[in-house]
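Alright, structures below, take your time with them.
What follows is chain A paired twice: with chain B in the first complex and chain C in the second.
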Partner chain A sequence: MTMRKRSCRLFLGLLFFISAYAPWQGLVFGQTDEILLGIEPEHNIFDQVERYRYLAAYLSDQLGIKVNLTIMSRYGEVIKRFKSKRLDGAFLSSYTAAMGIKELNLEPVASPVNFGGESASQGYIFVRKDSGINSVNDMNGRRIVFVDPATMEGYLFPLAYLHVHGVTDINSFFNNRFYFSGSHASAVFAVLDGRADIGSVKDTVFEKLVRNDPSISRELSVIAKSQKAPEFTLCVSNQFHKDLKERLGAVLLQMDKTKEGKKALRQFEALRFIQSDKSNFDQVEKMAQEARSSIHEHGNN
Partner chain B sequence: MKALMYFLFRFLLPVFLVCSFPMISLAEYRIGVIMSGDIPYYSAMHEAFVAGLNKSTPAGEKVEIILQRPFPDPISWSNAARKLIAFDVNLIVTYGSSATLAVINEKSRIPIVYAGVYAPDSLSLEGKNITGCGFKVPLSSLLRYLKRLKAINTLTIIFSGVEDDSVRQSTEVQVLAEQHGMPVKKIDIKSRADLVQLNTIKQDDAVFFTGSSLAHLWLKEIMPVIRQKKVPTADIFPDSSEEGVLMTLYQPPRDQGKKAAEMVLQILKGDQSKNIQPEIFRDTELVFNLIEAQEIGITFPIQLVIEATRVIK
Partner chain C sequence: MKKKIIISFLSLFLLFFAGIVITLYIINMTTANLNALLTLHKVEIIRQDLVISVQTVQSNLYTSGTLFGKELDIIVDNVLKLRERAQTCTDCHHEPAIESEILLLQKLTEQYKEALSYFITSTADVQRIQRLQAFAADIGDTIITKSQWMAKTANEALRQKTTSAMEKVSKSKKILGLTLVCALLVVILISLYLINSITKPVAELLNATRTIKTGNLQFRITKQLQDEFRELAISFNEMAVSLQDQYHKLQQTERLAVVGELAAGMAHEIKNPLAGIKVSIEVLSQDLVLEQEDKEIFLGVINEVDRINALLNSLLSYARPPKPASVSFDVHQVLEATIKSAKYSLKTSSYDIEQKRKEINFIKDFDPGVSNIVADPAQLKQVFLNLILNAIDAISEQGIITVQTRKFPNETVEISICDNGKGLDTKILDKIFNPFFTTKSNGTGLGLAVSKRLVEQHGGSITVANNPYGMGVTFTITLPIKPLAEISEQADVEEAAASPGDK
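Now for the complex of A and B:
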């Protein structure tokens, strides 16, 4: 065997070894080319994509890998995509995050703090002031608008609240007059317009609408509030490489310390990110348990 | 003797009283109906009323209904009320507050069931012979949607000074518009000659239709003038004949017609009007006319379109 042939075989062998080793190496040391993060849709999807685009660009720059975004439809899709490994992580609302942690062992990384200094949100049950509704008793036979079955504030909380106040059969209590608005803002407008008598909504969306149009607070009144839970949390798959998870968390938590980070945060409409923990979602799971019987009767289990 | 008297009063008298009154037949009743105006909103209400009544009337029987569709002015409403009283109807059904107030003014003892009255709780319609149902539409919602469509210089409110519902709505809208920082201009339509005021509407304005019967009676003539100026319009009555109103937020009239029929049946079966709880319907439907929007060069943002109960396109 000539020297040249031997070198050639050695080179090919090395190439084979590298190609076989590379994926494993990427998994362990976090040297992937890109990651895909999901986001749950909000009322104005265009504004939302724009906000997340700035964050993705900053993360790409800091991590040295391309951070891609994908909009997901709802909870079912989140589960499906995490299971099919077509998602590395996602910014999830509290209920979706709680269920993802429970069912898929997702790992919470960080939550954004909004301009008001809050990282958590709560559910409101609200009515028109002239509706004559002051308590659960007054709600009997009226129309209620929920947001989406995958929301804590817009579905889980009102069900749990009604359950605690003795309402277990939503169908008969509301004479089957309930529907899902699809977004928190739409639930507010539905009650304002008289298309529903009672609504449930996330406080941050409600307060933002009131800030933009103070006349809303003259017409609506909040009659119940839930406990607070993290509004959005970046959760990653349990198969996500540990090193990259730590780097991702570190970049997010340090964002407010740098000029570029502050700029990206401003565009993302947040003050900073704070660390998130699985225990933050315990109360959401507790609420889910309270509402579970109603959900079963409701047919969304 | 005492025992005999006791037996007579305790047992025979009630039996006699029950037997002496024949079974009530609904066919023996004559009901008078007055619309505040001959407009689609009240016609739809009346259709539902008649359907509701017929549904509960025994087969082969029919309640006689005398329908009055006076021109929307005080003298005509009053004449219609007097006519029904002269007909000696058993009950009068009214649609809209103008007709209702006209019948009340006649001070007859005939029971009244009203429907289609705007915010009846603010009208003091209580009385031993009166009950009914009305509606409430959050007028502020229409202002909000108008504002989200385009910058509005002045809100023109079309109302009729002779119609109580319309006057109250115009006052309410004026207050709300001022809270939203919109200057207001009012056009009072009492006669056809008043339509000339429509020429004062400017391109940067928006137009708000109150539930005036006169305005809706002449909607076919009013809308072309407004459309020519490419001005967005909002109405609290449905645009049933699709004259081109851009957005409508209304309480479906059929619900009130059906409820009025239920109330009438209760009274005919012996219930006292004062014992029948008045009702206010608050459920609404929101309709956007996207064809009209295109005509006048307005683009509805998708966030707005998704709010609609129905979209015309």
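Now for the complex of A and C:
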């Protein structure tokens, strides 16, 4: 191998290295022109994207970099996207955030406070009033709809609840008649439409649906509620530049202090953002541990 | 005319204003029609876009989960675009039926969105997923069918509205054209009327002026002109009358002047031989021994020579009046003396017995405010005496002669001599001051003419008029208290005295 060939290969290798790692370098050193934030499906995904676009526009304006959004079709997908698509950050539900912190060392930045003054949410187990279900025993052999295996309110909580009430094998308990609606709202509609007898849902989604259609509260009844956990938290990758993270956090926490920020918050349907840290997810991890045996027993669906 | 011009211009302004209003209205109407068409076309595009959006989303739906499936973010963008399109439809004004269809379409779009979200986010067995997919697809198909139906309906409506709008535009163009033509015609008519109203009378006046210029002073404007031109024509005719009078007077004055000069010249030439004749007759009558009868003939010749001499003197006085020797004197004293002379003349009249028999009462109405005047007292006495003797002649047996003086603020005095005699025929009043004009059988016709020359020589005037009530005439003499030049000089002196600071 001649000296010229070696030099050529070295140059090409260097070029490849630079092109492959340039985006990361930019992100790490805070010189990137755009960032990508993920959204987990919760309500109607189209409405949800519309709502988050107001926030993204405000952040783009304040940070001076373009903030792009991408929506997930599944709750758990966000973890994969963090790994494969170099997601810079995501608005994560409590369980996904807990998993992300644990597995990917994601860093929580801030959580929104909803119009009710709450930044936390809890899980509901609900049934149709005409189903005759009032306790866990009544659920035996009926159809249950979960939201997604990656949700605290829509999966972990009902599993933990059932486990506490002596149900260790949900396959046999429900005669294998359970499925995942994908979103909290879909779970509510599934029970309402009779496609399932029991459902699990996040309280904020449930209450919002009830506000929009009061007849829902006349048809459904909540039979169990979980402890509260942070509803949504913006978590960023551990590769995210520290300065940019701090600026992002500062912008979010100062939003309710400016006119434009208030307007964006109103469109985003939140009162303000509050700071978040990893300790907020300890109880979720605890709940996950409680449910883990059930998950282990019925398998990861 | 002024009123007509104002009304015409006001009419033109109103016409212009109406034209602007009509034009603006038509332009607005046309623009509104075109805007409506444009909007309809936009709506049509929106509907077509809506159909395309739904078809795109349907395509995304059918290919979801396959190799041809799009990323979720693209599907979300497509669905949001679809929603935006569906939302745009309600931004426009629609008929209630269409509005209802659009609302239904929006409702379907929301359901479609919900079903799509449900399908995309659901985790279930294949059959359930397929059912969810079919459910969403059915809604999508319904939206496409409805959108296509609406597009078809809209197309038909658009075609009809386009035809209607184009008809309205065409009609508007016709109305605009007709309005402009009518406005032009009205403007032309008003302009012609105005031009005729001005040029015709002006031409008539111009023609009259030119006719007068040629010397035809008898010419009058007989045509009935309108408005201010009528007043102008009346004034013009009055001016022509005045011009004619002045021209006649000038002619007469010139003629009289020529006659006077001629008479004066002749008088001067006649007087010398006449003096010779008189002296010769007197010498002959003294030297010769004549019969009484012959002596009377000689005396008659001498008297006639004297009469000719007096006539010649009068002619000379008229033609070359002596320059007045002005002094300040009391006019009342001169009048008193004149009346006394007249009375004496009346008593001692040697040639007319009838004069002696007359009983004349003189009334003196003197204004005590009348002070001295500056004039030639002898010439004025001649004038007064002439007038008083004429008044005596006018009275047949008994009568009253009133002599009156008045002072006027404009530094003039008026002396009037009024009798209650037989008066004068109005036809001869104008001729009474003409030389050689007389109503007396033995008059020379120079007395009043000379009197007029003397009064005018003093800067005054003399007029005659029949008395308004009763018989007789009144001669009125107006004289300046001082000669005009002297008054002017005095005014300058007074002015200078009033402003000593100017020196």
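Rule of thumb we're sticking to: the second predicted complex is superposed on the first by the 266 of 301 C-alpha atoms of A that agree within 3 Å, B and C clash if a C-alpha of one lies under 4 Å from a C-alpha of the other, contacts with A are read in each partner's own complex, and residues count from 1 in each chain.
The definition used in the following text is that contacts are C-beta pairs under 8 Å (C-beta built on N, C-alpha and C of every residue); 3 or more make two chains touch, one makes a residue touch a chain.
Not measured: the values here are computed from a predicted model.
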*Looking at the combined model built on chain A, do chain B and chain C fit side by side or clash?*
clash
_chain B versus chain C as contact partner of A:130, first or second or both or neither_ = first
*With the two complexes superposed on chain A, say which partner A:197 touches: chain B (first), chain C (second), both, or neither.*
first
*Give one of first, second, both or neither to describe whether A:163 is in contact with chain B, with chain C, with both, or with none.*
neither
*Does the superposition put A:219 against chain B (first), chain C (second), both, or neither?*
first
*Tell me which partner A:70 touches in the superposition: chain B (first), chain C (second), both or neither.*
second
_Is A:189 touching anything from chain B or chain C once the two structures are fitted on A? First, second, both or neither._
both
*List the residues of chain A that touch chain B in one complex and chain C in the other.*
44, 182-183, 185-186, 189
*For the complex, which residues does chain C have touching chain A?*
72-73, 76, 79-80, 83, 113-114, 116-118, 120-125, 128
*Mind listing the chain A positions that touch chain B in their complex?*
43-44, 128, 130-131, 143, 182-183, 185-186, 189-190, 192-195, 197, 213, 215, 218-219
*Along chain B, where are the residues that touch chain A in the complex?*
136-138, 140-141, 144, 176, 179-180, 249, 251, 282-286, 303, 306-307, 309
*Touching chain C in the complex: which residues of chain A?*
41, 44-47, 49-50, 69-74, 148, 179-183, 185-186, 189, 301
